Structures are given as C-alpha cells and as structure tokens.
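Worksheet: the structure to be examined is printed underneath.
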Amino acid sequence: MIPINDFLVLSAILFSLGMYGVLARRSAVLILMSVELMLQAVSINFITFAVYLSPEQFTGVIFALFVITVAAAEVGLALAIILRLYRNKQTANVDEADIMKW
Amino acid sequence: MTYEEGIFYLVAAITVIGALGVVLARNIVHSALFLILSLLAVAGIFILLAAEFLAIVQVLIYGGAVTILILFAMMLTRVRETPAAVDGPQRPVAALAAAAFMATSILAVVSTEWPGNTEKINVISLDQIGRALFTTWAVPFEIASLVLIVALVGAIVLARGEEGE
Amino acid sequence: MLWPAMTQLNFQWELLAPEFILVGWAGALVLLDLFWGSSAGLRTGRIGKEPLGYLAAAGAVAAALVSLFWIGDHKNFADLIDVNNYTTLFRVFFGLTAAFACIASARYVKDRLLHPGEYYALILLSVVGANGMAAASELLTAYISLELLSFSLYVLASYDKFDLRSNEGGLKYMLLGAFSSAIFLYGISLVYGVTGSTHFNAIGEVLKGDTSDIDMALLLGLALMIGGLGFKVAAVPFHMWTPDAYEGAPLPITALISALSKSAGFALFLKLFTQAFLPLIDDWRYFIAALSVATMALGNLVAIQQQNLKRLLAYSSIGQVGYLLMGIAALSPESASALVLHMIGYVVTNLAVFVCIIIYYNWTGKEEIKDYAGTAERAPFLALCLSIALFSLAGMPLFAGFATKFILFQSAAQEDLLWLAGVAVFFSFVSLYYYLLIVKEMYLGEPAERTRFPTPWLEYGALSLLVAGVMFVGLYPQPVYDAVEDSTATIFAAVEDSAAVSERP
Amino acid sequence: MQDAWLMPAIPGAAFVILLLFGKYLPRKGDWLSIAAMAASFVIFFPVLADLLDKVDTEGFTGGGKSWEWISFDTFTIRLGFFTDQITIVMLGVVSFVALMVQVYSVGYMKGDSRYGWYFTCMSLFAASMLTLVLADNLLLLYAGWEAVGFCSFLLIGFWWEKRSAAEAAKKAFITTRIGDVGFLIGIIMLWKQAGTFDISDIFQFAAAGGYDSTYLTAAVLFLFAGAVGKSGQFPLHVWLPDAMEGPTPVSALIHAATMVVAGVYMVARMFPLFQLADPVALDVVLGLGLTTVVLSATMGLVATDIKRVIAYSTLNSLGLMFVALGAGSTTGAMFYLFVHGFFKALLFLASGSVIHATDRQDINDLGGLAAKMPLTAAVFGIGTLSMIGIVPLSGFWAKDEILHSARDAESAIIYVIVLASVAVTALYMTRLYVRTFFFQPRDRQAREHAHDAPLLMSAPLLLLAALTLVSGFLVFDGVGEALGFPGGIGKFVFAEEAEAFKFSWEVALASTAVALGGLLAGFAIWQEDAQPAKRLGERFRPVYELLFHRYYVDEVYQWAINHIVLFAGSVLAWFDRNIVNDTGVDGSAGLTYLSGFQMKFLETGKLPNYALAISLGVIVIAILFLVLKA
Amino acid sequence: MGYVLLALIAIPLLSAPVFMAVPSRYPQLTRYVAALGAAAMFALSLLVFIAYEYQGGSGLRYTLQWDWLENVGLLRENGITLHLAVDGIAAPMVLLTGIVALAAVFVSWNINFRNKDFFVLLFVLISGVYGVFVSQDLFFLFFFYELAVLPMYLLIAVWGASSDFGTFIRTKEYGAMKLVLYLVAGSALIFIAIFATFVEADKGTFDLPALGSATYGESFQKWVFPLYMIGFGVLAGMWPLHTWSPDGHVAAPTGVSMLHAGVLMKLGAFGILRVGITLLPEGAHFWAPVLMTLGVTGALYGAISALAQTDLKYMVGYSSVSHMGYVLMGLATMNNIGVNGAVLQMFAHGVMTALMFTNVGAVYDQAHTRDMTTFGGIARRMPRHSAFFAIAGLSSLGLPGLAGFVAEFHIFVGAFRAGYWWAGALGILAAAITATYILRMLAHAYFGPLNERWEGLKEMRPGEQFAGALLIAFIIFMGVWPAPFVDRITDSVKNIPGIS
C-alpha cells in the first residue's frame, strides 16, 4: 500500500507551489489559479487523513467536498471582481492596482 | 514498489508538473492548461485514495466549470502576454518563502507519527457520504448553499454591465 | 472518543430560528427591491429605496431579539452549532451591529450604490455567517460560516462598482482572503489529521494527553490556523488588506468589516483556542503575545501618518486588535470575558465613529481628516459625538474605552503578561495623539463655509443610541460585564464538560 | 512683662487697619500709626520696670508668654514673646527711634502721593521689628527678620517710579536674602539636634553639651551669614549704600538705628552658642567685621552723597560692633548699638532736614548751610562728633569699649586697624560736615531756600540729640544705679557674666588723639574749596578710583550676576528648551512619529507583497514553533 | 456627608447638560450658571474642610461606597466601588480645588468665544480633580485622574494662545498636545503599576484601604514604586519630565492655567502620596533619595530657569516646576514633618500660583504681551494688580506670614530631619533664587518709570479682583494660622505606613 506520508508530502509540495504562485505572479487570474492549487493540496490532505486515520467519521471527505464547493464559488466571485477591475482600469494586473497604499 | 505506488508516483508527478506549469509558465493560457492537467491528476489521486465520488466532483467542478470560467475570464480580460506582465519582481523571495514552507511542512509531516494505521486505505462509500451530508452535516451543507448564493448574487451584481457603461 | 450515532444528534431546527429569519428576510429584501423598483418605475434603483435599509435593520433586530429566547440554554444543534449564552450574546451583538450598519447605510446607499436589495441581503447573510462562526463547535461549520461572512463582505467591499478604490480594495480583500483561507484550511487539515476530529472539544480532549508524537504536524497546523485567523482579525503581519479594504469599501461596509468581521473572527478565535487549544497554551501564548505587540505597534504608529480618516481608522482598528489579542495570549476565563467586553465596547464605539463619518460623508462626500476642519461649528452634535467616540477609542474615562481597556489589560497582567500590558498601555497612549489630531481639526480648523448642515434625525438617533452605549459601558459596565461573563463561562464550562460530550441530548 | 507682646501687636493692628481702610481715614491715618507707636513706646516703660524688678531674682533668665502655633506628633512650634536684658536694650532703641522717626516723617513726607502707604509700611515695620526683638524662638525671630527685610524692600522702593529706587529695593532684598539662606539653615541645624526652636531651650541644650562642637560651629556660622546680610557686612554690604534711595526717615529708622543692627542683636542674642562653638566662629565674626570697617571707612572718604556717607559710617559702625562681638564683648557691641541708634538716627534725620530744605543731597552742591539752618547744623554736629567719638558724647564711651575689647584681642593688628578706622571716620565725617555746613555754598540757589525744619521735625532731632549727649553715661555704675540697674549697662546686660565698664586712660587718650587728629586733618583738607583734597585725589588717582568705585565689589557682583547667574539661567533655559524639551521630549515623539513614517511604507499597495507578509508570518511562526518544540 | 463628596463630583459633571440647555445667545446666563456652580462647589468644599473632625479615628471621613463592578472577572466582592471619602490630606486639597475653581470661573468671565463649551470642559476638569482627591478606590482614582486630563487638549487648543518668541514659536496646539500626551504618558506608567499592584495584592479589589492591608514583597515594592513615582511625577512636574508644564501653561487660557498649575499638578504629588507611598512604603523608602534628588533638582532648576525668562507666564510656569520640586522633596523626606510640608506646599502653591496666573492673565488681556522687558512701571496704572502679584510672589519666595513659608519651612525641616541636609540647604537656596526672579520681575515690569506705551492700562476687572482677593485671603490665612491645615493633614499622615 501507499504510505500516508506520500500523499501528505505531495500535498505539501502542491501547497508550496501554490503559495509560490500567489507570491510570484502578477496577474490576478494566475494568483487565483495558484490559490486553487493550494486548495487542491488541502483537499488531498483531508481525504488522506479521512481514509487513513479516521474512516469511521470521514469528516475529512466531507470537508474536502465543501472545500471544492467553496473553491468553485470563490473562483466565480473572484473572477467577477477581477472583471470589474478590468472594466474600470483595463488591467488585471495586481501590481497596477495600487492606488491605495501607505 | 507495488503497482499502486507506481501509479501514485506517476499521478503525483503529473500533479506536480501541472502545478509547476501553473506557477512557472510564461504564457497565461499555458498556465490555465497546466492547471487543468494538475486538477485532473489530483482527481486521480482521489481515486487512489478510494474517494471516487470526490474524484468525480473534482473533474466536474474543476475540470469543467472552474477552468472554463478561468479561460473565459482570461479572454475577457485580454491579459497582455509578456513575461513581465506575468511574473512580479518578488519571484526570488517568493521562491525562498515557498521553499522554506515546503521544507517545514514536509519535515513536519514526515516527522509526525500519525495516530492510527498509516498503511491502510479505508473505503468510504458514497452511501455513507450522502447520508452524512444530509444528516450530520446538514447545517454546513445549508450554509454552503448560502455561500454559493452569495457568490452567485455577488458575481451578478458586480459583473453585470450597468446602464451607461 | 466515539462519534455519537446520528440518532443521538439533536435536530431541533428551531434552534437556528434567528438564522432562518435572517435568510428569509434577505430573500424578501431582494424580492421587494425587485418589485418595488419596477412597480415604482424607478429603474435606476437609486431613489426611494431608503426604507429598505430600515427594513433590513428591523430584520437584524428581529433576529437578535429572537435569539434572546435561548438565554441560559445549553443546547447544540447536531453537535455542530452550540446554542448557549456565548452564541446568544454574539447573535444579539451581531444582529444589532448589522442593524446599525443598515441604518447608517440607508441614505448612503440611496445616494451612491446600485442594487440596494442585494446589498442589504448580503449584510443579513453576513450576519448569518458571523453567527455561525460564534456558534460553531466544530471546524467545518466554522469554516463554512467564515466563508459565508467573507464572501458577503468581498462582494460588499466591491459594491461601489464604478469606484476604482472599491474595485481594488475588493480585489485585494478577496484574493488575500482566498489565500489566507487556503492557509487556514491547510492548518485545519493537519490538526484534523493528528486529532482525528474537527470538533473543538474532541481536539481539546486529544491535546490534553501526550502530544509529543504528533507535535510537529500539530504545531504546523496551529501556526497555519493562527495565520488564517490572524488574517480574519487583521493581526500583523496578516493585516495588510485592512487599510486598503477599509479605504476602498463603501463607508457602511467599512463599518461592517471593522465591526462584524473582526468580532466574529475573535468570537471564533476565542472559542477555538479555549475549547481546542487551551492545553497547548504554553506553546502558543508567546506567539500570540508577539503578534499582539507587533499589531499594536504597527497599527498605532502607522495610524499617526494617515491623512484619510477611513485609513486611519483601519490602522487604529489594527491597533485595537493588538489589545484584543492580549486576551487570547492571557487566555483564562477572566481574560476571555475581558476580551469580549472590550470588543463590545470597541465595536460600539467604532460604530459610533463610523456613523459620524457616514453622516459627514453624506453631507460632503469627503473623508480626509483635513476635510473635517471646523465641523464643530457646522455640526456641533456630530463633532461632540465623534470626539466622545474617539476619546473612548483612546481609552479616556467616562467612555467605554477606559473601563474595558482597564479590565482587559488587568486580565493580561494577571496572567504574568504585565510587560504586554505595559506595551499596550504605551501604544494606547500613542493612539491618543492621532485621535486628538482629528479632534483638533474639528474644533480648531477653519470651516470652508459657516452654514449648518441639515440635521439627519434618524442617523442622529442611531448615533445617540451608540454614544449612549459608549457612555453606559463606560459608566456602568456591570450588566454588560455580567452578561459577557455568563457567556464566556459557557465555553470554559464546555472544556470541563467535554468528557461528558456523548451524554448531551 | 507678660504683656510685652502688646508692643508689636499694637502697631500690627494699626497696620491692618491702615492697609484696609487707610484710604478712608482722615489724614490717611498717619495719626493712627503714630499713636500706635506711641502706645508701644509707653508700654516699654512698664515692661522695663517689670524687668528691673525681677532682674535681681536668683536664676532669672527672662520671661514672657507664648502660644502654640503648630503642633503634631513630636513637632511643636510655640510662638512667644520674651524679654530679658538684651531685648530691653534693643526694645528701647527701636520703640523710641521709631516714634521719633514717625513724628519726623509727618513733616518730611507731607504732600507725598503715597503718604498713607508710607505710614502703613512704617507700622508694619515697627510691628515686625519689635517681633524680631521680642521673639522667644528662632522661627518667630526669622519671621520678624524677613518681615523687616520686606518692609525695607517696600520703603527703599517707596519711590518706585524711580528706576534706581526699584533697583535698590530689589538689590537690598535679594542680598539680604542670600544671607538668610544661611540663617534658615542655621536655625534648622540648631533645631535638628535640640528638637526645639525655643532660644532658651536651645541654650540649655547647648549648655548640656548637646551639640557637637564642629556641628555647632557650622550652625552658628550659618546663623552669622544671616547677620552678614542683614547688617551689611562684607561681602554682602553692597545693598546698604544703595538703600539710601528710600526716604530719609526710612534710612534713619531702618538702615541705621534698627533693622541693620538686627544682625548684631541676633549674634549677641545667640552669643552663648558662639562661645560654645569653636573659636573659629568668633574669629570669622571678627574678621568680617574688621574688613567691613576698613572698606566702609575708606569708601566713606570719597562718597559725595550725604546719605551715602552716613550709610558708610553705618557700615563702619556695624563693623565695629561685629569686631566687638568677635572679640567677645557683647556688652561693647550692645552698648554701641544702643547709642548708635540715637546718633545715627539723628544724623540721618538731620541730613533729611538738609535734603528737605535744599532738595540737594550731593555735598558738592551744598555748603555754607550753617547760617541758614543753625539748629540742623547744631544737631548734625552733635551727631558727627558722637560718631567720631569725641568726649563726652555717647559715641566716645561706646567706641572706647570696643577699643578695649580690640586691644584685648589676640592680635595687636586688630587694635591698630580699629584705631586707624577711628581716624578715618573722623576724617570723612568732618568732610561731610564741613562740606555741608561751612564755607561757600556751591549751589547758591539751594542755599537761598534753605531753612530749619518746622517744629514737628525739629523736636525729634532735639530729643535724639539730647540722648546722643547723655546716653553714653549709662556705662557708669552710678548712672545705672540711679536708674535702677546698679553696675551700669555692662553688668545689666549680662548679669550672669557681668562685664564691668572698662576704662583706661591709655585707650581713651589714644582714641581721642586719633579722632581729633582726623577731625583737624579733615578740616584742613576740605576747607574752602577743598583744594588739598583734589590734589590728594590727583596724586593717588588709582586709590581714588578704587575707592570711588567702592573697591569694584558692586561691579564684580554685577558682572557675576550678568555673566554667571543670568548666563547660567539662560544656559539652563536653553538647555531646557532645546535639550530637555526639543530633543528629549519632542525627539522621542519625533522618533515615534518617524518609526510610524518608516513603517507605513510596508503597506506598499501591492497585493503580492501583502501575500508575502502573510506567508512569511506563517512560516516564521511555524519554524519557531517547531524549533522551540524540537 | 458622603453625598457632599458625591455632589462635588456630580455638580460639575451635571452642569454640562445645564450649560447645554442655555441658549448660545445668552452668554451672560452661561456665566451666571458657571458662577453658581463654582460657588456651590466652593461652599461644599469649605464645608468638607471645616467639618472634618481631626481628632482620632481612622482618618477617613464621609465615606460613601457604591458598588460599581464586582464578582465578575478578576473582581471579587467590592471589586470596584465608587468609594468616596476624605482624609486629612484630601480635605485641604478639596478646599483648594473649591477655591481655585471659583477663582478660575471669575477670571474666565470675559471669555466670549463659545463660552458654553469652555465652561463645560472646565467643569469636567474640575470634576476629575475632585474625583481624584476623594476617591478611595484605585480604579476610580485613576479614572478621575484621566478625566482631568481629558478636556485639557481642547481647553488649551481652542481658547489658548500661541506665542512667538522670535527665536522659536510655541503654538497653542503644540502646548496642548504636549501637555496631554505627556500626562497620558505618565498615566501609562501608573496604569502598569496599578495592574501589578492588583495582581500582587491578590485581593480581587481596587479598594485602597483593602489594597493597603495587603502585603507586598520587597522586590515588588522596589520596582513598582518608581512606576508610581514617575507616572504621578509627570503630572507633578517632576524634573526632568516637567517641560509640558511651562509650555502648557503658556499656551493655556488663564482660567485653565490656574486650575492646571493650581490644582492639577497637585494630583501628581497627591497620587505619589496616596497610592505610591501608602501602598508601597518600603519601595518609597528605597527610592526616597532619588525622589529627593529629583525634587531638589527641580526646585533649583525651575528657579534658575525662571530667572532667565522674560515672558511672565513662562516665569510662572517654571516657578511652578520649582515649587512642585519642593513638594516632591517633602514627600521624599518620608517623615511627618516633611510630608506635612509637602501637603501644605500643595495647598500653598495651588493658591499662589493661581493668583499669579490671574495676574498674568489680567495684564495680558489688556497688553497682549507678556514680555516683562517691554513693561515698566505699570504698578502706577494697575496698583491692585501689582499688589496682588507682589503678594503671590512674596508667598512663593517664602516670606513668613504667607502660606509659602509655612509649607517650605516644614519641608526644609523635614529634609534636615531625614538627614538630607544638602537637599534642605539647596532648597533654601532655591527659595533665595525665587526671591531673585520674583523681585527682578517686579522691578522690571511693575516698578520704575511708567512706559508710555502702557498709559492706557486699566486696573483689572472686578471679577479678577474678587478672584485675587479670595486667593490672597487663603494665602494669608494659612500663613498666619496654619494649625487648621496642619491638624487635618497630620491626622492622616500619621496613618500612612512608612512615614516616621
């Protein structure tokens, strides 16, 4: 069988990559995509723990289900906001959205 | 190495490659495509975890809805496809931070002795999930529906073009 | 611990009545807006929708009143939602907060925003989310409630569609919010992994035992959760969104973010850390204390530099978070009630400040500090109320800030965190400076013109209520404090009773 | 004697009435002030009689009445009034001279815009001075001491519209105040060991050996500092000549007869302590007295203002009194004080008449007044001769006592110096007299209008002159016996350690010779248009300059005040403003502000930076968690 | 009688609505209301002082205790109570407040710009001051302490005056801000000390008598006392934390300066005594030499600085620093004579500095300058004013028969008794320097030939004369017959632990 740590390490890698994406990217859409990667890692974690460690309650699985749902909603909402910004400012680049600072 | 492990490593590799593609690709559309790859691979991981239902959900919601939404958004926002427009000046620091986090989290995960049987995957049936979802977890389920409504209403209110725009 | 069979779970749906009222009311408002607008033929939706705000406020108050029904109860819904004094306190508190936000919104929305029905509906839904955060006894419910609150606020923050600052603030708020909730979730997943449960009490039960095997993942998870919650309550260094979101959001929403989001965050923070992580307090105490110091320092020092009143209030609210975090760092029954007491005092005061600013904005459309020059002459009552509220924020006597800060700091000192109390006192002193700058502008500045502003009776009424609240808490906090202590006592009692969790109805 | 307290109380009451209602009283209430003073003087006689009755009683050390003022715990202050032999001498002088001066003032001050205020101050002065004299404890003594200083301030600055008067008043008060610093320290030092302010209790305590010798020496030296200031001894003598800015009767009363001798009185009063202390204490008294004698005598030679010359003579006399004290002769000092009160008041009042009549007070503007003002010239002459020390005027007898004690002192130089000072005194007093009353007037106009003072002003002059003539005889046993105190004033004053009147032809002849020599030399030098004096002045130009500039002491002080005290003040003010405030206070505020200014740039407005902050926060917490746990 | 104390706090606070009710177009009515309120306070203060029985007993009189917050959180039975009482130390302070408040109202008579607001704020200030003096609960003591600071900013910044001194400018906003921040900074330390005290006492109450009966460890006392000392010391103008005082006084309107220098600064010294020394006697003993040094330094430093000032208000401001230095010296003696002296000096300085500010204000109102070098001979035009000023000055330089002497004398004696002979001697020297600057000022500004520029000056207003006369009456009363004060003060000082 596959040891639990393999999944967890994969999840950690995925999460870190997502984090990197959020930090390094300039496009709002790309940042959003990176966040999705992080959420994927979370889902993997939840399911892994559920199936390995607490199958009798499998809260993890349910949790993962909710994470995916929320993530989808999040994408929809975020894209609407990005679109709004783009309409007003003709950019989806987060670096350029800095009229408010200091 | 059992064949299961073999498959796992393969799928995991695809996942990671996809993820790398998402965060590294210079072309934003490529990133989106990599994302699809990665998402699908994660669905594969779910299957390896015996959570087929979630894999399906994953494919449907992510592979379908989300990615299409993202591609739409890309087209609507006509992102300039220069590398400079894609990556920020913060890349080196970002890489360091992400690496540090990765090291920390992997270390933490590996050095933890998980309580319970860490070798055996337990199958959780769809029946169980469905039952739990509508009884035990009814409240979060309903709140989640509110979340979706909010997102929906919000997206409409915000994205909708107004008179005179 | 055994997972109770489903049949043992309590499904008294009436326990969730306030939330049902809120949701129903929200739906009704959307519909009302839809039909009212078209039937009146006012298609722009800009005129005549003012009463919607008052209706929404009525809904929020109704929810608050209904929740009073469960005073003294110790019930839970499906082991996910606690209905006890803690929940009741926050339900009432959130309901009233939202009601004031709605009243303050009415004129503002009428003048400046589209889609009022949805606007008020979202406010009511955000209250549902906030209620859920305070009531949840389990992480999934807490998380999903948190997202409900956040989503509502994301939308509301971006609600001024044609204002670049609103767009930008909303975007930052949303993306960072998503990022931080990913972090929070990752933390939850790790904690879930090591404890096998998402129930606060169950987690606490596990952590009471020997945790040396699972320390690494557990602490990593804890760090991530602190990050996620820190974002929600705007603790340094997770606070960066706050000034921008505050500045960008429509004014009533800024008020809502500062009041509702923050206090809901703390309600969850407090409950989670009390019921789940109290056994590890020696591990995390000093981190929270450090966050607290950093938060107070940055919030108050940077606030000095601000020109924009909303932004200043954002930083000042960050500073306040620093004080509130002391209550977590010193976590004990006393400090918990002190924290909640201070939070209530702070939120009431802050709402008063925002109502003042909104009134002023409705008059002039300005929100820079220098625009307040001579307000004392043009609107003496407003200037007086704003001064009182600002002095309260600075912790001056007669007003809520003094008594509640005193109690909060004392509770930290009691838990061997005298140094932290000292730092807090110092920054509280720094804060007086920038509050005084506003007072100075109002009383010493030369007004642009000398005419009096028209009196907005309703808003002034709300303002008077809030200022009365500020004075009440400042002059006679006993009833509020008693109520707060009754409520926080329940979450600590739950810790002690957690062994008997399965015997619950 | 129990009721000696009435003596200050009556003028005190008069003061209060005058202060509050003076404006509404007829004649601005001058009569009230004088009546009060007269009543006070009348009371002096029963008090004296009472004392004379009791003075022979065994173990008599004086007596009086006291009230509790402050009391708590072990700390009690009783304020009371007390009479003994020393007091009575001073009381006589004060009450009599004060009465004379007030009567004189009615004429002298007539028409002044602040006529009523003048008498108000005079009443206050009389009350304070009598309190000082009668005080049975050091605190009340100090209170009286300060109060007379304050009155002196008010009266020197009486014509405060004159810049010089305002300045002189200020100078007088501050200079004496410097001495009072020491005085108060001394008082508290004495209290600290004895636990009481009561003078007789302190004596008992000291006699019982309660004070350590060094400690006591320090304490009495501090006390003496007060006397130095009050009695114008070097180096705090500078205020007295300037004090002549006040109305002349004031100079007569305060700056000649009473207040300035308070220092002598106080030292005499506390003399038992001086004796118990290390001899150094008395040496200091003597040394400063001697220095003052020398300085004032020489400065008197070149001063041209009548009043200033007399003021130098006052300094001179005060110096002599301290010499006597330093040499251990309280009798000499007190006796000189007694007679000095009369003849110096006389001199001042007479000079007041001159000034009143001519409106001039520079001797270079005067001259030849004897014919116009015969009475004034006569009484002035009596005063002058007494001051010079010519037999049989009172000054002679008193000075003789002092010369005796100086001769008995350790060093012959003292005797020589005192003798020399007698000569110099004779010289400048002669100069003063000659220049004022004889020869050609230098300002004819002034002479034209000159006339003797009216009766009201002359009567005090005559009375004082009479006393100047006879009071010296009190030293004789016979005189004393006739008056009720056998043994003369010497025995009377210090019944315990009576000092008999000393007389030796040797000293008397020496002093008379020297005095006459000075007198004749003075007459020779300053006759007619004073050519010899001018020649001498040219010849010894530097000496003249030195004397004319009063040894540059005032200049040095002024320089010190300007360049050290005020400079220190401005440095401190600068320090306070720029270092303490602008750097220390505003600086730390600025630092806070600046740190906020730096911190605000953390908020870059760029989302990735925000995300980075979140990540780093989480990572740092996580790593620290793990490191700390591991 | 406890209700009298409550009334002292409540009258000024409850006057606020009354003031609000007065229409703005009747400024005169506002003044009458203010005068009435102040007169009532004065009468009650006098009552409190006179009726205080000082023979025997615990020292607390007129106790009134109302529950405020208890059995909740950290608080146990009687956790925080509105516990009002006076003791022999508070009684003269209450009287002082009454006197100065009444005088300040009359001096502020001619404030026309928004005089309603002015009196409201002024009365809040007065309420805070009374509160501190009569509180027997640490929380409320601090509450009122801050309350007294609260209105200061507006009082100074709105009704104050900026000054241009050529080389530097002190705006009223600066003075106000500095004053308020300084005082709050000081109270920050007190805050911390109170927390520590509460924890250490472990009584679950802030009641001062209860806290007084607790035991505090020696090391605890040693580190907490300086917090109280410095924290309260700021308000007491303790060197080198005094700079708010001259600048603040200069910027403030006259009535506020009077209250501030006259009463508010006393709160600091009062706090050190009532809280610091009473609760932590061992700490006080340990730190007494430091306090003594600071006190002496302040006395000398203030006096010398005053010497260099040409601005009348700065001079008075620095003289306040100097005199508060005496108060601290008195406290540092830790014996009953010195502490008595300190309290006496609080009263004496309060009255005389109020008088000084009255005078400075009177002349400034007409001349619009306070530069003493530009004056000269104005005693001719304003004789009463000059006499008042002179009396204030003489009291401050310690002329026997006036209040200042009695107080300073006690302090010096106390210092000598405690073995601080050097401090006593320097203190006396500082008094001599005081004489120098007071007389310099009088000679420069009031005496000498009348400067033509000031021909038009008039005598000060009747209201100011009344205020002055009131203050002088007490200066003389205390100077001549201090026993009523001393008896009351002693009654309580002897109960303070650690005072020998």
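Letters A, B, C, D and E mark the chains in the order given here, with residues in each chain numbered from 1 onward.
Operating definition for what follows: contacts are C-beta pairs under 8 Å (C-beta built on N, C-alpha and C of every residue); 3 or more make two chains touch, one makes a residue touch a chain.
From a predicted model like this one, the values you see are computed outputs, not experimental measurements.
Asks: If you check the contacts of chain C and chain D, which chains show up for both?
Replies: A, B, E
Asks: Counting one step for each move to a touching chain, how far apart are chain A and chain C?
Replies: Graph distance in the chain contact network comes out at 1.
Asks: Going by C-alpha centroids, which chain is farthest from chain A? Tell me that one.
Replies: In terms of C-alpha centroids, the chain at the greatest distance from chain A is D.
Asks: B-D versus D-E: which interface comes out with more C-beta contact pairs?
Replies: D-E
Asks: Most remote chain relative to chain B, going by C-alpha centroids?
Replies: Centroid comparison gives D as the farthest chain from chain B.
Asks: Mind having a look at which chain is the central one, using mean CA positions?
Replies: The most central chain, going by mean C-alpha position, is E.
Asks: Counting in whole Å, what is the centre-to-centre distance of chain C and chain E, each centre being its mean C-alpha position?
Replies: Centres of chain C and chain E (C-alpha means) sit 42 Å apart.
Asks: Rounded to the nearest whole Å, what is the centre-to-centre distance of chain A and chain B, using the mean of the C-alpha atoms as each centre?
Replies: Computed from C-alpha means, the inter-chain centre distance equals 6 Å.
Asks: Go ahead and note the Å separation of the Cα centroids belonging to chain A and chain D.
Replies: Measuring from centre to centre gives 96 Å for this pair.
Asks: Measure off the straight-line distance from the CA centroid of chain B to the CA centroid of chain C, and report it in whole Å.
Replies: The mean C-alpha positions of chain B and chain C differ by 30 Å.
Asks: Of all residues in chain D, which are in touch with two or more distinct other chains?
Replies: In chain D, 600, 603, 605-609, 611-612, 615-616, 618, 622, 626 touch at least two other chains.
Asks: Considering chain B alone, which of its residues make contact with at least two other chains?
Replies: Expected reply: 88, 90, 93-94, 97-98, 101, 104-105, 107-109, 114-116, 137, 140, 144, 147, 150-151, 154, 158, 165.
Asks: Could you list the positions in chain A whose residues touch two or more of the other chains?
Replies: Residues 8, 15, 18-19, 22-26, 28, 31-32, 48, 53-54, 62, 66, 70, 73-74, 77, 81-82, 84, 94-95, 97-102.
Asks: Throw together a list of every chain pair that touches.
Replies: Touching chain pairs, listed by label, are A-B, A-C, A-D, B-C, B-D, C-D, C-E, D-E.
Asks: Please name which positions on chain D make contact with chain B in the complex.
Replies: Within the complex, chain D contacts chain B at residues 606, 608-609, 612, 615-616, 618-619, 622-623, 626.
Asks: Name, in rising order, each residue of chain C that touches chain B in their complex.
Replies: Touch list, chain C to chain B: 6, 9, 11, 16, 23, 30, 44, 77-81, 114-115, 118, 121-122, 125, 128-129, 132, 140-141, 144-145, 147-148, 151-152, 154-155, 158-159, 161-162, 190, 193-194, 196, 213-220.
Asks: For the complex, which residues does chain C have touching chain A?
Replies: 3, 139-140, 143-144, 147, 151, 154-155, 158, 161-162, 164-165, 167-172, 174-175, 178-179, 182-183, 185-186, 188-190, 192-193, 196-198, 243-244, 247-248, 305, 311
Asks: Residues of chain B touching chain D in their complex?
Replies: Result: residues 88, 90, 93-94, 97-98, 100-101, 104-105, 107-108 of chain B touch chain D.
Asks: So in the complex, the part of chain A that touches chain C is made up of which residues?
Replies: 8, 15, 18, 22, 28, 31-32, 35, 38-39, 41-42, 45-46, 48-49, 53-54, 56-57, 59-60, 62-63, 66-67, 70, 73-74, 77-78, 81-82, 84-85, 88-89, 94, 97-102
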